[in-house]
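Read through the structures below before going on.
Here chain A shows up in two complexes: once beside chain B, once beside chain C.
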Partner chain A sequence: MARVVVDVMLKPEILDPQGQAVQRALPRLGFEGVTEVRQGKRFELEVAEPLDEVALARVREMAETFLANTVIEDFTVRVEEPVQRETAGGQGAGAPA
Partner chain B sequence: MARVVVDVMLKPEILDPQGQAVQRALPRLGFEGVTEVRQGKRFELEVAEPLDEVALARVREMAETFLANTVIEDFTVRVEEPVQRETAGGQGAGAPA
Partner chain C sequence: MSGGLGRIGVVTFPGSLDDRDARRAIRAAGGEAVALWHRDRELHGVDAVVLPGGFSYGDYLRCGAIARFSPIMESVLTGARTGMPVLGICNGFQVLCESHLLPGALTRNDHLHFVCRDQRLRIENAETSWTTDYTAGQEITVPVKNIDGGYVADERTLDALEAEGRVVARYLDWNPNGSRRDIAGITNQTGNVVGLMPHAEHAVDALTGPTTDGLGVFTSALRTLVGSS
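Presenting the complex of A and B:
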């Protein structure tokens, strides 16, 4: 089983009201220094077949025709090793010890 | 300017109806071999200050208190180099030539 991640973000030239709402809220919560926030979607696909170029091309096709609205969105497709996620208070593998 | 990406996904034990809806639709669209789909949110934060450990800890705090609902969601925080995105039909840097 391989995990393929498809990230879908609005194209840079498209207004992102959700991202702007988050950005405006951050200073009110005491968080300074963030000049821009963009919000998009992340899809994690568990792909059963061996993950060769044909399978990756199929995932790219899924992204282009179904997961992303390519009129207003761009996407990236990448294979990802399962990452240990951070839970509230816990130190994830990615975090400094 | 540095880009920090916060990925927010439902905890594995939490039902993901959106992901299931996508997964059920894929075979109808002719896409086989995807055994599971999880859908979450991706935040791209452009951070102005020099990106040291203190700044990263602040972003983790933002994620924990605001971007993720840590009762039902986990998150990952990572620094990302700007990636060239794939647009419809175009070959992104990530894609094989």
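Presenting the complex of A and C:
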């Protein structure tokens, strides 16, 4: 299995009231200095090997027709390298104290 | 296909809420209401279709994004492209935008709150399949209830909608969701497909609605059907 990550973000010109609400909450929680927050979606797809150009093209098609609404959203598709995945798993066990 | 009464189908998706009220409104307008099921591919000979309000598929992914791929939507899309009157109310409007039958999209209300109130509207286009029983400029009051009702489209699309008279209804007094240019409803180029965020089907009976102003949406469609048969 290979992991493909699709990130979906509202286009820059589309108002993101949820991101704005997060940004406004930050100072109240003691987190200063964040001037803007944009909120998006991340999809992690486990895709059967081989992950060739044909398979990636299908993922892009999936992102364009379904995962994102390209009227209001942009998306990126990237393959997560297996090495990175193991590292990420290790970090998930708990941050160093 | 129609015998006497106009037959208007109402699609029920998992999570639809207002399908019963839509059917009731159709009957109140003098039509025959036909319940349609999202997994069915058949439209069972109906002359028009309503996609009702609610939270189809729990609004997962985006409102209307999953309902758009329901088996019945293939038949609805085919019908819509060949002139069948199709009305999407609230969640149904979202489904029509996700289906690209209507331009633009509906996004989270700018104030982030669910809104539920009686809303004054101005009918801007009284020539669509769903608005002929109104007059252009007529003001009506029907409930609006949504959290993802903010209509957005790029400036070029908005300008085109205005220029072609495709804004069907506009919010008056207060814009309840941040919709661009106070847009409450739009239509396609041929006027048979209409998306409306406010709930006309909840304003057909003085006992339960603020007015009976919404009835005209359904009588318009029935009149359109009689005229075309």
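One rule holds in what follows: the second predicted complex is superposed on the first by the 81 of 97 C-alpha atoms of A that agree within 3 Å, B and C clash if a C-alpha of one lies under 4 Å from a C-alpha of the other, contacts with A are read in each partner's own complex, and residues count from 1 in each chain.
Rule of thumb we're sticking to: a residue touches a chain if its C-beta (ideal position, glycine included) is under 8 Å from a C-beta of that chain, and two chains touch if they have at least 3 such contacts.
Keep in mind it's a predicted model, so treat the numbers as computed, not measured.
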Touched partner set for A:21, first chain B, second chain C, both or neither: second
Partner chain in contact with A:13 - chain B first, chain C second, else both or neither: second
First (chain B), second (chain C), both or neither touched by A:42: first
Touched partner set for A:54, first chain B, second chain C, both or neither: neither
Touching partner for A:67 - first (chain B), second (chain C), both, neither: both
Between chain B and chain C, more extensive residue contact with chain A: B
Chain C-contacting residues of chain A that also contact chain B: 66-67
Complex contact set, residues of chain A against chain C: 10, 13-15, 17-18, 21, 66-67, 69, 71-72
Interface residues, chain B side, partner chain A - complex: 1, 7-9, 11, 19, 22, 25-26, 29, 31, 33-49, 53, 55, 58, 60-67, 70, 74-78, 83, 85-89, 92, 94-96
Chain C residues within the chain A interface of the complex: 61-62, 65, 69, 97-98, 103-105, 107-112, 150, 152-154, 178
